[in-house]
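Pasting the structures here.
Two complexes come next, and they have one chain in common, subunit A, joined by subunit B in the first and subunit C in the second.
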Partner chain A sequence: MSNPTVDVPRTVSAGGAGRFLIWASIVLLCAWVLVPIYLLMVNALSSPAQVSGFPKSGLPGFDFASLQFFAGFAGVAKALWNSILVAVLTMALSIGIGAPAGYALSRFDFPGKEVFRMLVVMTRAFPLPLLALPLAVMFIRTGLDDTALGLALVHTVLAIPFAVLITFSLFSGIPLELEEAAWTLGCNRWQAFQRVVLPLVLPGIAASAVFAFTISWNEVFAAAVLTIENRTLPAFLIQNLNVSPLHLKFAGGAAMVIPALIFIFAVRKYLFAMWGIANR
Partner chain B sequence: MKTTKTLLGAAALALMAAVPAQAQVLFWSTQAAPVEETQKMREDVLAGFEGGVDFQPQEVGPFITRLEAEISAGSGNIGVVGALHGDLSTYADAWVDLSDVDLSGVAVSEAFLELGKLGTDEQKYLPWMQANYVMAANKQALEYLPEGADINALTYDQLVDWAQAMAEDTGSPKFGFPAGPQGLKHRFFQGFLIPSFAGSTVTKFASDEAAAGWEVFKELWQYTNPASTNYAFMQEPLLSGDVWVAFDHIARLADAFNQRPDDFVAFPAPAGPMGRGFMPVLAGVAVPASAPDVEAAKALVQYMLQPDTQVATLLATNFYPVTDAPLPAELPASARALGPAITAMTTSADALPALLPVGLGDMGGQFNQVYTDTFERIVLGNQPIADVLAQQADTLRSVMEQANAPCWLPDAPSEGPCPVD
Partner chain C sequence: MAEIVIKNVAKRFGSFTALHSIDLTIADQEFMVLLGASGCGKTTLLRIIAGLETPSQGEVWIGGRRVDHLPPRERGIAMVFQNYAVFPHLTVFENIAFGLRMKKLPQAEVDARVNRTAELMHIEQLLRRYSGQLSGGQRQRVAVARALAMEPDVILMDEPLSNLDALLRLEMRAELKGVLANSKTTTIYVTHDQVEAMSLADRISVMNGGKIVQAASPVEVYRNPAARFVGSFIGNPPMNFLPANRSAAGQWSVAGLDVPGPAAGDALEFAIRPEDLTVAAEGFAATARVVEPLGAHTLVTAEVGGQMFRAVLDSDLKVSPGDELRLSPKADRIRWFNRETGLAAG
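Up next, the complex of A and B:
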């Protein structure tokens, strides 16, 4: 009543509504990722009673017993090291084999090209539990059993379709004219690739390498069957975690997520580059 | 280029790490898989073994795949296998004879030793530890017990009345059942419900008596916490108070008793018209012929049966000794509560032991699925009991025929695959 001014409807500009929508989507997407991680961390840092208790405070209790349990659990450090080793090997192998295949697919015409593209994807069509038994028998006989290299070979097979298809589209995005220009200026095919094409696709290749890394990092079944002494972290933990009490599940989940988060943070520049966002 | 060098360096490192180190006996187990139990097995049970043990618990899938791979390759890393009777009986040909393991000074249960022969003249495996399933209740629930009911001699009808009284008085269903994906519901149907009503697990699967049992369970389900379809370990809903009365494996109830010993009681599973059906769980240790060092493996098997090891195993896993090992006075609360309940159940006048499935091999999963599907269709899907039982009996029959598995207790021995009437 104290305000005598006429009640005029507030004007809402289209730009304001659009901005609101963008921000709402950003918040929603961030919450989508961050809320589960937040809950995981809160529960990993709480005591067993707080984890199973109700109501929840939503704040960490700063009880490190569950995490300490994992730090002291025999073999976690070694499993972590094996995971990194296998993942790096997988990364190297799948790019080493996948990138040339992607280049060939994008630059050359050869008989059976379409069939080859199909066959590459077919490696994902067979479930690992089916393949694991004959693989394990073969690995035991050849001595590849229980080695990081043997497991990395299997993970490479899983990662190669992605490596080939991603690098194929990367190379296809580089105009052939650029290479041709380099040839006319005195480069041979290899030099032109090295000096012109490679610098352009390197961020994309790095991104597909990161993809290979995560595939290897997350794989459980082959790792559980093909390694014994040289366990990777997921094979080591997930086997036991799904029959463990709730507070240890959270702590184990945190132990799995944190290294992956650190890695993703370290290489985020390349990941963004894959989607064309210049961040250099 | 720098990256190339780094990658080559990593590859070289990997090749160096690829040379396997082998000294300890590898103990490949489906038991003691929860991380805390694994930790205790390593620190309290196996640390005392000279020469060292690498204890590796596994899920059944990778466990069997790896074991089969080593058996068919004829060589491998696994020294000792620890698993349930049913898993061990699948690979009878792969185990070495353990009758020369020196067990002087240890009295192992004769019945279990006989089971360990797997129907041959050789000691294919030695019993390792045993467990069972019981009921547990929050003490708040006891005041709702139906009049005249003895908690140590409950019947299924009394259990239904009890659950009904709790649900009606508190306003929410208080009975809980491990029907989640990781829950052991199929064991309840195979070893408790159906035997108690039909006196059989397989042969009378589709009989009217079995149908009566499902009828009772359906009634009980009305007073069962609907979150039960997510439960795996009943100790958690018991501790949180969502559930007051529950059925589960003792190892999956132990935490409730250890955390709040004064709040809970354990008691035998209920009885039906044919008796008090229950399912004893027997785990054994075996040595595959492909073991890298058979003598060291046998020494570990011998070590597992010593009195001190058996008691340490009880403390680590909540599985009870299979020998006459004297139990210490200072037992944890779970063992003090659950032990008497097991004894009351196994020694009751109407006791009706129903063994875990035997001789199914890799059909074990499909066998369990028959019971799980029956439960889901009758109780969750509300389909007519007689129709479901008739259809599932066909599936069950084909499972038994494919596995060519003869009957096991409580079904009468059969020539050829166990019949389904």
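Up next, the complex of A and C:
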């Protein structure tokens, strides 16, 4: 995610000590992120004997036995399917709700606009463990417990702040003049949105959707509490890998991390945009 | 046929009044320029005519039809925006065709109109490009072509040249004037650039503080300002003003000089354009402060009666800072303003 070869701030290049500090920090931060991923990959691609053996070579053995065994493990396929189902639902819900909110924030002035922007982020301030029990009780009463939709609702709550903020910055990046020009050229509000705004924001909306997907994909706490039979992959792994051999844990970990990494990498430009950092 | 009539239009944003009860009639095929400093309400007025802004009160009529309750698309207008507003996801061809496609014109008609207007604006070689591959001047041409292709009754332009380089602006100005004169549309053009206004307009509406101060032909606005503001806003350098006190019936004392003037009033201001002053034996006692030879003429900034006074003089004349001059105003070019109201007097 962070890349050591780019973006060294030139203004701080004054002293040798300053340079050293910058590079040390860069290396440290990269190691922080990359070393666990590297170890995970190495071990996932090694044979069970290599994983538990000592000394270690530090290089992958390119043995797919662990991954193969993991893929054939009872329940993995179903958990994977549940994960995808919940993540797709989360994606649809959070864009369906978040994108109109982002559009409204960027285009209209209404009382409480700033408060709303704050509150939307505030939803992330509630610790999920605190909410999990009352939620579980409520879900059982309404029959939403152990369903993909129920879990997707919780994940949507987690993903919406990001959906709103990303789409807000996307819509704000489209000059109102473009919409106005479309209005004067014969469009009503909806047609102007459809013909001018939508084509321009679509890549960003897709990125925002992928991000919501990733949030749901990675979420484990609510998934573990709110599902029993229909576990998602993270909840399934938490439950089963606890008691599994080491090489299986690594294989499971790799199966979780790699899709998330690929997704985040694909949409990184738009995640920066969320914080107003130009990255074009 | 599209005469535009604006009746008693006002716009308030909260407690701020952007427009005070505007009345204005723009004749069919007239080129009207709304001229004023930023914040004078000229863009707001244009946007109300376009339907992008709702007036707080009043009526807008286009071609005998009341339109102030209609959305922009039903007003028979086309607009050119300050930042061009060329759609970045469409080619130049599709940009120009955008409005025609909304009208659901047959493809042959769309092709014909796009090619005709593209030729008119000299962008026929750019039709396959996207806006990102165009220069500012080319984008401006696309925006104008897109408006012209609609063959609207009314074209509204909001400072269309203000983002162009000086040289390009000059070129586009001349071109716009030619193209719009042939298109037989009524044009309303907003600008803060007085040279642009003078060169393009059939009539100029000078705006200040949300009011139209004067609406008249460019020469009329220049020669006979209806208010002190107009004289001080238009012309480079602007008009000179000196306080005048009545010395006898129809005689006014201006900086020690007796000048014949209006019979009525008692607190007036004397006004003269810098180019209407000549060096003579009789005139205002002036001390030259700054001398700027500009080739065709020499701009002298002098002091008269303790006030700054500019004169555009013949460049053959030898003047140096500190010299004492006598500046004589051309009698038929003298204008008088009421010192309280700022309106033309006499």
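Points worth noting:
Quick note on the criterion: the second predicted complex is superposed on the first by the 195 of 280 C-alpha atoms of A that agree within 3 Å, B and C clash if a C-alpha of one lies under 4 Å from a C-alpha of the other, contacts with A are read in each partner's own complex, and residues count from 1 in each chain.
Following the convention adopted for this analysis, a residue touches a chain if its C-beta (ideal position, glycine included) is under 8 Å from a C-beta of that chain, and two chains touch if they have at least 3 such contacts.
Predicted model only: the values in this text are computed from it and were never measured.
Partners subunit B and subunit C, brought together by superposition on subunit A, fit side by side with no clash. More residues of subunit A are in touch with B than with the other of subunit B and subunit C. Residue contacts after overlaying the shared chain place A:Q68 against neither subunit B nor subunit C. Once chain A of one complex is fitted onto chain A of the other, the partner contacts of A:S25 are absent, as it touches neither subunit B nor subunit C. Touch criterion met: A:V196 reaches subunit C, while subunit B stays clear of it.
Of the two partner chains, neither subunit B nor subunit C is touched by A:S57.
Once the two complexes are overlaid on the shared chain, A:G186 sits against subunit C while remaining clear of subunit B. Once both complexes are placed on a shared chain A, the shortest Cα to Cα gap between subunit B and subunit C comes to 18 Å. Note: no residue of subunit A belongs to the subunit B contact set and to the subunit C contact set alike, using the contact criterion stated above.
Subunit C contributes residues 50-52, 71-73, 77-79, 81-83, 85, 87-89, 98-99, 102-103, 146, 150, 156 to its touches with subunit A in the complex. If you check the complex, the residues on subunit B that touch subunit A are 7, 10-11, 13-15, 17-18, 20-22, 26, 33-36, 38-39, 42, 54, 56-59, 61-62, 65-66, 68-70, 72-73, 75-78, 182, 232-233, 235-236, 239-240, 255, 259.
Considering their complex, residues 48-49, 52-54, 69, 73-74, 85-86, 88-89, 91-92, 96, 129, 132-133, 136-137, 140-141, 145-150, 152, 221, 224-225, 228-230, 239-246, 248, 252 of subunit A touch subunit B. Across the complex, subunit C is touched by residues 175, 177-178, 180-188, 191, 195-196, 199-200 of subunit A.
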